[in-house]
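What follows is a structure written as structure tokens; I'll ask about it next.
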Amino acid sequence: MNPKVSVYRTAHFNSAHRLHVPEWSEAENQRVFGLCNNPSFHGHNYELHVKVTGEVDPVTGYVIDMKVLKQIIEEEVSSKFDHRNLNLDTEEFKNLNPTAENIGVVIWNKLKKRLPEQYELQVRLYETPRNYIEFNG
Amino acid sequence: MNPKVSVYRTAHFNSAHRLHVPEWSEAENQRVFGLCNNPSFHGHNYELHVKVTGEVDPVTGYVIDMKVLKQIIEEEVSSKFDHRNLNLDTEEFKNLNPTAENIGVVIWNKLKKRLPEQYELQVRLYETPRNYIEFNG
Amino acid sequence: MNPKVSVYRTAHFNSAHRLHVPEWSEAENQRVFGLCNNPSFHGHNYELHVKVTGEVDPVTGYVIDMKVLKQIIEEEVSSKFDHRNLNLDTEEFKNLNPTAENIGVVIWNKLKKRLPEQYELQVRLYETPRNYIEFNG
Amino acid sequence: MNPKVSVYRTAHFNSAHRLHVPEWSEAENQRVFGLCNNPSFHGHNYELHVKVTGEVDPVTGYVIDMKVLKQIIEEEVSSKFDHRNLNLDTEEFKNLNPTAENIGVVIWNKLKKRLPEQYELQVRLYETPRNYIEFNG
Amino acid sequence: MNPKVSVYRTAHFNSAHRLHVPEWSEAENQRVFGLCNNPSFHGHNYELHVKVTGEVDPVTGYVIDMKVLKQIIEEEVSSKFDHRNLNLDTEEFKNLNPTAENIGVVIWNKLKKRLPEQYELQVRLYETPRNYIEFNG
Amino acid sequence: MNPKVSVYRTAHFNSAHRLHVPEWSEAENQRVFGLCNNPSFHGHNYELHVKVTGEVDPVTGYVIDMKVLKQIIEEEVSSKFDHRNLNLDTEEFKNLNPTAENIGVVIWNKLKKRLPEQYELQVRLYETPRNYIEFNG
């Protein structure tokens, strides 16, 4: 069997967002989300690390062509979220609170659909250098 | 004479903003600012490096008490800009385009007023790890 | 079932320490710990990454409230170890050699007690950017 | 049982390389490897993170003596690959395409042989800060 | 007068090179350049920080349009040096030793020609995170 | 004239220290230095960036041989301060408060004596990633 290796590719997008549960009162939103509930939004430089695990092709020495992976991330994530307001400008977060956790799960689902079956996928998303999340599906 | 040393203190704030010149047409704004003109805003993790230059006090070995500098930055910058929309939530950028350059100049002016005369001040502001600005007054 | 996501929060503390086994001779301590055995101590900027894994709450979109996690880390770690001498000023390392491994295990145990049962916990501790450890319990 | 902890040690080496499958035509090599196929080579600052997992020795508080681990990495990796052309100057990549995946597997095998049986080993290799790989054996 | 601000833009290129003075003996080259003289080359991930200083335009709030600066760097530097062998594949270093110092001066000259007169230019070039150079013209 | 370029070399040392003015009362020391006055010391991973400015040698393309600069830093700084207690183990800080400012000035003076006349010298010292100082002589 060929060795199973993980390859990582990074990307980034700069977005505005607001944490808010519409079913809750303003007071409840304030209590739980604090400054992140600011109605006029705030924003982040999101840094994304995509990890794809699979067997190394014995001829090329590649797990996956990084140019292809880069292109998929560009199409599914950067072109959709970069310089956007996640709450207002995207379908994905119209009815889903754009916490780092939810953004990570959404990205994982979008990338998973584009990758051949044999690959395992992990997504790590830095909201700031001090807060980040990881999702393995 | 005592040695003249520069001390740096970092801070950060996460804000939404939009680049826009109200006197211009939408087309002109689009042409110059591109994605940064998105009417529903985008955002950044701004990283601020404040540099204060002065003589080292021969007794304490300090140029300035870092606890004091940290407090001034907190009061003048972080508490005003963090988790805010620069265009909508701040007086400073109601009529000033919140480019990194302008944010840097605004911060420099705010900090300069709070520092004793003898200090020189420089502000470096990272909009992203790949784009940053520096202002010396 | 809700997606299971890991959230990370970072913290830091600056401490003095000395590696030393009291049952050993000075020569043996020197041989094993080298410069780290210096009797007048040396020190580090410890960087701590705390990873908490659990289900995403379908209403809030949070695994855990980061303000709560931040507060627990502050109470259990930073307020106890920051600007302290680990060997002299803490109960935990009075009789335990403060290697990065042992510090990591101690922190894991302190945080684990404060977290609700359903969460998995991992601690990563950077002694320097070039030496770090990880503990999963 | 003693706690099982992972310790990490970093190293780096600066090498030239070229991605190339000799059985393929130039056109095919170009199509798959693009700029990385440049016949006169290009290069990278490789950053290596070696993770060794084992029980903490209850006397020393060490999983493994970092000075020993550092020495093994120096002998097996840095002294062989640093300031070398991987394709031309090393036995390992004479007949193996020096992709990050293959370099990681080669390093893992070289280090594994030098470590006592009881340790688990993981190798992470950064080809650039934006592309990296991980191998667990 | 408008405030004078510096803006920075980063770029990167991955190249092979060799330090060598053709007029010298092999022994002299070895003595001065050591491993960097390896005849089959080694390589680096060069990180470039371009600093442009000028007045802030009172309408746009820009010193220079970053999209323009990014394009100039792409045309003059990245497209020429990335994934190239500096000694073999570039005109600039056919007869000039590609030390970090010389690469920095060459890049400064190439960028300077493309920038309007009123701007001051500084180039910082990281050969590794531990060795870097700066040139102001 | 040959171009004047700055070259940087980094180093690091891990030390314990305590900020304290012996002429002052405990209360006064506490008020000014806070936690940094802890009598049993705390510590840091100091990161040092040494900047040397001079003309590029037209033959070698070097401002200064980095191997020589690295050796001078090793002899004057790392071998003296690494894994030491600055207050107890060094002559330099027996009677000088080891603030980052004072450490920077001491290092500058030690390095300046070892460098040929024609070079300008700057020292930047990171006490933490968030607090650092710079000294130009």
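Each chain carries a letter (A, B, C, D, E and F) given by its place in the written order, and its residues are counted from 1.
The rule we apply is simple: a contact is a pair of C-beta atoms (placed from the backbone, for glycine too) under 8 Å apart; a residue touches a chain by one contact, two chains touch by 3 or more.
Keep in mind it's a predicted model, so treat the numbers as computed, not measured.
A.B. asks: Does A-B or E-F have the larger number of C-beta pairs in contact?
C.D. replies: A-B
A.B. asks: What is the distance, in whole Å, between the centres of subunit A and subunit D, each centre taken as the mean of its C-alpha atoms?
C.D. replies: From the centre of subunit A to the centre of subunit D is 28 Å.
A.B. asks: Quick one: subunit A and subunit E, Cα centre-to-centre, how many Å?
C.D. replies: Here the centre of subunit E sits 33 Å away from the centre of subunit A.
A.B. asks: Per the centroid of Cα atoms for each chain, what is the distance between subunit C and subunit E, given in Å?
C.D. replies: Averaging C-alpha atoms per chain gives centres 41 Å apart.
A.B. asks: Please set out, as single numbers or ranges, the residues of subunit E touching at least two other chains.
C.D. replies: 129
A.B. asks: Using the touch rule from the top of the page, what pairs of chains touch, sorted by label?
C.D. replies: A-B, A-C, A-D, B-E, B-F, C-D, C-F, D-E, E-F
A.B. asks: Spell out the residues on subunit B that touch subunit A in their complex, using ranges where they run on.
C.D. replies: 12, 14-17, 35-36, 38, 40-45, 82-85, 88-89, 128-129
A.B. asks: Quick one: in the complex, what on subunit D touches subunit C?
C.D. replies: My answer: residues 3-10, 51, 56, 59-63, 65-67.
A.B. asks: Okay, in this complex, where on subunit D does subunit A touch?
C.D. replies: Listed in rising order, the residues of subunit D that touch subunit A are 19, 21, 23, 32, 34, 96-102, 104-105, 129-136.
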